[in-house]
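Several structures are given next for inspection.
The two complexes that follow have chain A in common; it is paired with chain B in the first and with chain C in the second.
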Partner chain A sequence: MTKIMEVEDLEVVYGVIKALQGISFYIDEGEIVTIIGANGAGKSSTLRAISGMVRPSSGKVRFKNKDITNSPSHLIARQGLSHVPEGRGMLTKLTVEENLILATYNRKDHAKVKEDMEEVYKQFPRLSERKKQASGNLSGGEQQMLAIGRALMTGADTLLLDEPSMGLAPLIVKEIFEVIKRLNQAGKTILLVEQNAMTALNTAHRAYILENGAVLKSGLAADLISDPEVKAAYLGGH
Partner chain B sequence: MSISKSFSPVKLIILFLSMVVLCCLPFVVSSFVLRIATGIMMWIGLALSWNMLGGYMGYISFGHGASFGLGAYIAGMLMTQLHLPFFVSLLIAGILTYIFAALVGYPTLRLSGSYFAIGTWAFAEMMRQLVLVLTITGGPEGLRLPPMLNDNFFYFVMFGLALLVFMVAYLFFEHSDFGLKVKAVREEETAARTLGLNTTWVKNQVFALSSMFAGIIGGAFAYWITFIHPDSVLGPLIADQMVIMVLLGGIGTLFGPVIGAIVLYVGNQYMLVMWGQSSAYLIILGLAICLVILFLPEGLMSLLRILRGRRRGIIKRLLPGMKKSNI
Partner chain C sequence: MGLFMQTTVNGILIGGIFITIAVGFSISYGVMHIVDFAVGEWIMLGAFTAFWLNQYTKIDPLLLIPFIALFFALVGYLFQPIIQKVVNIKHRSAAMMALAFTFGLSTLLRGSALTLWGFNNRNLVTMLSEMNVNLFGITVPAIRAAATVFSIFVTAAFAFFLYRTKTGITIRAAAEDKTVAGLMGIDGHRISRLVYAIYVGLTAMSGVFIGSIFSVFPDMGLRYTAFAFFVVVAGGMGSFSGAIVAGLLLGLISSFVSVYVGGAYVFLILFFILYLILVFLPKGILGKGW
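On to the complex of A and B.
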């Protein structure tokens, strides 16, 4: 398998606080990789540094064999890497349809846009029913689906998902993770950041555990689930 | 793909009839009324131009008066010092204001929210002080333009400009891909960037475009009034009035700024005639703003919606405690 993304010694500093103390990891094409950890472990900072929303103070991000470390975020997005931000980033006054259309403006392959739109509506029938509604009026689960659908409409092949389960009912969380699995089977590479460690480990192929801005442990998700230390700290251990 | 919404035939007919009426206006009303109508047109144009930036993009600027004043001074100086014809001066004033705003926008648009408001305000104040001390602008003496005493001419110029700004707002901000991008910046800038939108470019374009229109209108104003002074075209009240007109009418809507400009300007002139120069206007203005923000947060435009029969939603919002059966 080929590495689609490589992160090397990534460091992010907010004022005097070091949010990331030099983390390294990689993602293979077609994988689901999850980064789990407690609040403030540096999960969101990792995603934000990758997608260009914050400038890393040092380190490198390579995507599809290109150094994207200091590219502006809209150019990173145009290379097929879409970040679904924490809190879903709804354009609340715009309709569902407008949210989706907006995501296609950077694309050159106009012929495929229509196809993708139909695919998104097929994946998320509820969005199709609410096409003309303001996205701010959707339920939390529907908004998360729209956020993911929107990322797909950018034509991205790699998705960065920041806490897709946040604030959602367990049943909806299950649905969202089904979607993530389905997208992966359809060929999307996914980097998933989660506090909900159990669900994340059950979905992902590999995982990195972050603590205080550094990688504490990494390995196959299946191995980490049974790791006693991980169990105790993150899975409400037995 | 694009979003398609269009005017209904009824609306088109109303719009057409009002155009005809407005074109005939100079030939039926007194010159006093015509001057007020010219002022209304000017403020409609200014409010619409401010709305591009503050309404559709959500960047509340208190420095838009600087663009107006800049346009007025550029056009005035071109006409008096280089003796260029009016329309040529107007065009150059527009282009230069656009370029100037693009340069100013680059640093100021990095700010957002109230910081942007303060930044633009400070910038406008700086412009006023600069014009006061420079000799080329006439400094505190002001600038006197060659008089042109033709009320009809200025009415049609302002009417044309207001119409132009209205059409740009309608075509580029209400019904286009560009408008959707602008609204995305207002709703969630970071999310817009993750979708591959170059928000810096969009913001700069909107800032420069809306400033350009304010500059052109400023140029026309200078020729109309024939005497400009830093306090009359670069004072803070110019920008304040644009903000208030848009808030009063309905921010981020197409007709809101139009309605706000008409109501505020007519009210202002009425009070001027009744009581002369007094601060009563400002007091009543303040009260009106409080009432609108408390009861009609979407401006007078939401009153229109009541007339259109969406009574219930509004009444419910006004009287949240009321039971459904009572309505």
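On to the complex of A and C.
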């Protein structure tokens, strides 16, 4: 398999706090890779540094064999890498439809855009019912669906999902993760950041466990689920 | 009753022009988060440009409007990166520095105009200057009616652009959250530049109307800078519909105060009303700002 993304010794510093102390990992094309870890382990910082929301203080990010370190986020987004930020990043005053249209701004493949739009509405029928509503009036689950739908509308083949389960009811979380699996089966590469370690490990192919801004462990998700140390620290310890 | 109606119509007519300035100023503030103290000077420069072009070419100032709007849009487009540079400086109070910068720009432009053209009031004579129209049984100068109709038309076109086009969506997205817009592949700097260009173009265009209704002089912009603040704060920061309502309100207030209290009290009363709005409706008249 080909590596679609390679992260090398990525370091992020906020003021005097080192959020990431040089982490390295890779994602193969078509994989779901998850990064799990406690609050403040550096999960979100990793995604932010990849998508250009923060500048890494050192390290490298390669995406599709191109160095994207230090590129501005709008140019990274145009490479086919879409980041669904923590808290869903809603543009609350825009309607559902406008949010989706916004994401297609740089696309020239108009026929495909139309197809993608239909596909998103098919995947998320509730968005279709609420097309004309301001996205600020949606429920948390609907907003998460819109955030993912919007990422798809950019035409991205690789999604960075930051805590898609945050603040959602278990039933909705289940639905969202089924969508994530479906998207992956349809060919999307996914980097998933989660605090909900069990659900994430059950969804992903491989996983990295982050602690204090460094990779503690990595491997196949199935192996990590049965790892006693991981079980004790992240899966409720049974 | 006749005077009351006359005052109301005058207020609405002048409010129509304020709306164009207010909407541009408000959207530009909403996207860039920079208060442009030079708003009045763009009005003044628009009026002077029309005046001098008219002197040399004898083309009616009203016919020069498309040219002036485009020319100043270009000026704004070329100038915006400089303001952006000031804001981007890694300094704790970069926003304050931007404020000081546009304040300085305003002073510089006004001072330069004064040096170049002196204190004299000049009249901008248009083909409508001598005409009157009958509006709801009230006689109004044709130039005022034309300015208002044109301003409302331009504002409506701008609203259509913002709410019905793809680029308009990107502007509203950037106004709400530039970081998220960036994740969608939208270049925030490009949008800021575009919006500033539109705002400067619209404002200079309004200057031609203001100059032909009143007169043209280097200090003419001052009161409009204060007006722009009133409209943005009263309408709610960055709110389009709020700016429209506040623009009309401003026209009515200034018209009524001028007639029934006296022109000297316009600002006093205006800012007292603004104070009340801030106390009781801190998010603006329509509650849509932030």
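Here is the rule we use: the second predicted complex is superposed on the first by the 238 of 238 C-alpha atoms of A that agree within 3 Å, B and C clash if a C-alpha of one lies under 4 Å from a C-alpha of the other, contacts with A are read in each partner's own complex, and residues count from 1 in each chain.
Quick note on the criterion: a residue touches a chain if its C-beta (ideal position, glycine included) is under 8 Å from a C-beta of that chain, and two chains touch if they have at least 3 such contacts.
Keep in mind that this is a model prediction, so the values were computed, not measured.
After superposition on chain A, the partners chain B and chain C are seen to clash. In the superposition on chain A, contact of A:H83 is made with both chain B and chain C.
Applying the stated contact rule after C-alpha superposition, one finds that A:V113 touches chain B and leaves chain C untouched. In the superposition on chain A, contact is made by A:L94 with both chain B and chain C. Of the two partner chains, neither chain B nor chain C is touched by A:K122.
In the superposition on chain A, A:K174 makes contact with neither chain B nor chain C.
In the superposition on chain A, the residues of chain A touched by chain B in one structure and by chain C in the other are 51, 53, 72-74, 77-78, 82-83, 85, 89-94, 98, 101-103, 105-106, 150, 154. Those residues of chain B that touch chain A in the shared complex are 1-3, 177, 180-181, 183-184, 186-188, 190-200. Listed in rising order, the residues of chain A touching chain C in the complex are 51-53, 72-74, 77-78, 82-83, 85, 89-94, 98, 101-103, 105-106, 150, 154.
The touching residues of chain C, counted against chain A in their complex, run 166, 169-170, 172-173, 176-177, 179-188. Contact residues of chain A toward chain B in the complex are 51, 53, 72-74, 77-78, 82-85, 89-94, 97-98, 101-106, 113-114, 117, 150-151, 154.
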